[in-house]
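Mind having a look at this structure? Questions to follow.
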């Protein structure tokens, strides 16, 4: 498990460096939270200066960074000037919302894409494979943004799905089962968009991966021994083809989080996305920094999990270790 | 169909869907900022053919649509009449015209930022792969740092460093610069790999045996090797960066009004009233699909070529 | 006092270790060690030995592909330069950029050394192609369209263009069939007389060494263990490794034609 230790150390180092870099860059950024006030003739420059002093923005960089590190180690990630609250509780509300969206999307994507990819690979060059290949390219060409708005139009026009948000009015009065159903109902639209965005990529990779192991000598000899086709596909080929897909699990998390940011904003889902956008707009750097670090941590953890799965399932890696 | 044919056909398809965008000044019936205050949220014009001549209905009157009406535009209608093929927005601006001009901006952003990414990636990749040692280490660790963030988060965080509102020209250049600058890592890694294996090839060793310097080896032997990777990456990056521009502008952090882009036009389309009443505002999103499809197909063919 | 030898190699050593830029190499091994020999002008020396004995490393050091970690190589009493020596590899096709034409490939050393102008370069290239028995009309043919034996000739021509004095033939003939081998051998011995070249032939094949070399040096485990005129070495091998090689070669030639 020396390998895991190294990965952890590497990741922590990377995050630390990232925080230092982001913090430094936020210093050279043009304008801060109070820049808008300065343009307001009713507020005197002295007041703005006093506010900045109070918020500690005018202190020298090393002191501020140290203060930030202390805040992180205390677990509150600094103080949001826009919300007049510590950042951590703000984030807590949002993280869950984003994770439930990306989690549901990942699960659905895999459930749809892997069987479709296998199906397509098994019928390589035939009619069904060609149709699915073209369909995959077509779906890929529809931007998530456009799909999200189009689905919103559809749900507004037909009333089949709620038009954005996470909960209905009167949520507080519902029983817990109803509350769960309500949230699930609101999740359908954003999750559909995310799944539509990530499924084509995974179908392609599954197909390519299966096709590659089909050509492998062990598959040839298995076929020559007369192992039934279905058994060959699921018992012999799929496990071997899964390994490259597992590392994709970690990699695709980045694009999924990005897509989620956009979809959350379009559909009014109260996740990290809208919070981040507001913070960027308001120059609320404590929040920006916290979200940056958090998304990097998600990505790192995702890749770590993928690596561990790979370590568990792929004997070749263990021998290298 | 063989590969060369498929590349040719896809390129023709791209040229066809991109041409109206590049010729926006000619194809669009109106300038992108021209407001028709009397027609806010006008629905798409109904075009009827009478004896093979096209007419549009405006306020109960029928006006003939003329080809090359003499104002330097492809088509138009005589003065009191107006033609809004895809309706108008809240300011009475012709969505069809803005869609063409906006597409041009989105496309240009995609091209410019892809060019920037590839230039940076080429420089970083060649330096890292050729010289190795600490420059390689530094560049690759820097790349890891960039890749540690989901790309849209990275894009927004980088955007947060710049002033919120910027002038019109800057508003076009900055998004392209950010998108391009942030995307250097992937091409750099690929090019590093090519250079790394290339510098061990017999003809490079031979040229070194003749006493060739670094500049000669890179220019004459190694850069030509990276050619196919660069072309393939360009086709991968252009649609990706067009999407990035759309996202940034949609969020109000990219190309700004009154200059149209597919992204900032969609902002209005996502407002609640538009969802119910003004669905034609989604047109730029639909227009994006064939353009993106063309580039994606081309990238597929080129990437596939590696296995041929 | 004896005259200055043409080529003199003193205590040459090359150390290979997994190196990182931030720390000194920790563990590694000497690929060649304490190699010393001398060679007179217009003679041919064959370096033989089992694979892994360090022949190719020595060739790389002699061709200036690698910088030795100890000792030095001198030619006519001064340090060896890029323009003195060329290596002809086993697969010369790989040593030509597939995007180049024969003319571009042969002119490359001149371009790198900034010698001559465009038209004088072309003359030099065409003359070199004639010298190695290739038609000067093929100057604008892409290098990839030449055959294996022709690649060998192109590589020799490229060396001639630089007017090198020393050619390292690193298993250069091993990949050719017998008739092509004979032709290139004839070409090489003609050139040796006409231009005054000196050869170092790296080979695992003692038969080839016997045919071509004036003297043979045997390498084992990175060291030069025996160095003697060809006939003498084959008649009375002294080092056990040499004896093995000679016997193996005898066995082969008794069983049938050499491979």
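To keep things simple, chains are lettered A, B and C as they appear, and every chain counts its residues starting from 1.
Everything below uses one rule, namely that contacts are C-beta pairs under 8 Å (C-beta built on N, C-alpha and C of every residue); 3 or more make two chains touch, one makes a residue touch a chain.
Nothing here was measured: the structure is a model prediction, and the numbers come from that model.
Visitor: Quick one: which chains contact chain A and chain C both?
Guide: Neighbours common to chain A and chain C are B.
Visitor: Among all chains, which one's averaged Cα position is nearest the averaged Cα position of every protein chain shown?
Guide: Central chain is B.
Visitor: Consider the two chain pairs A-B and B-C; indicate the one with the greater count of contacting C-beta pairs.
Guide: Of the two interfaces, B-C and A-B, more C-beta pairs touch across A-B.
Visitor: If you take the mean of the Cα atoms for each chain, which one ends up farthest from chain B?
Guide: Of all the other chains, the one whose centre lies farthest from chain B is C.
Visitor: Measuring centre to centre with CA averages, how many angstrom lie between chain A and chain C?
Guide: 58
Visitor: As a quick test, compute the distance in whole Å between the mean CA positions of chain B and chain C.
Guide: Those two chain centres are 54 Å apart.
Visitor: Averaging over Cα atoms per chain, report the distance between chain A and chain B in Å.
Guide: Taking the average C-alpha coordinate of chain A and of chain B, the gap between them is 24 Å.
Visitor: Can you list every residue of chain A that touches 2 or more other chains, as numbers and ranges?
Guide: Residues: none.
Visitor: Please give the residue numbers of chain C that touch chain B in the complex, ascending.
Guide: Its residues touching chain B are 21-22, 63-65, 81-83, 86-87, 89, 91-99, 108-109, 112-113, 158, 162.
Visitor: Which positions of chain A touch chain B when the two form their complex?
Guide: Within the complex, chain A touches chain B at residues 14-15, 17-18, 21-22, 25-26, 28-31, 137-138, 140-143, 145-146, 149-150, 152-153, 156-157, 163, 253-255, 257-259, 261-262, 265-266, 276-277, 279-281, 283, 285, 288, 291-292, 295-296, 298-300.
Visitor: Tell me, which parts of chain B touch chain A in their complex?
Guide: Residues of chain B touching chain A: 144-145, 147-153, 156-157, 159-164, 239, 243, 246-247, 250-253, 263, 266, 269-270, 272, 275-276, 279, 282, 285-286, 288-290, 292-293, 296-297, 300.
Visitor: Name, in rising order, each residue of chain B that touches chain C in their complex.
Guide: Spelled out, the residues of chain B in touch with chain C are 132-134, 137, 201-203, 205-213, 216, 220-221, 224.
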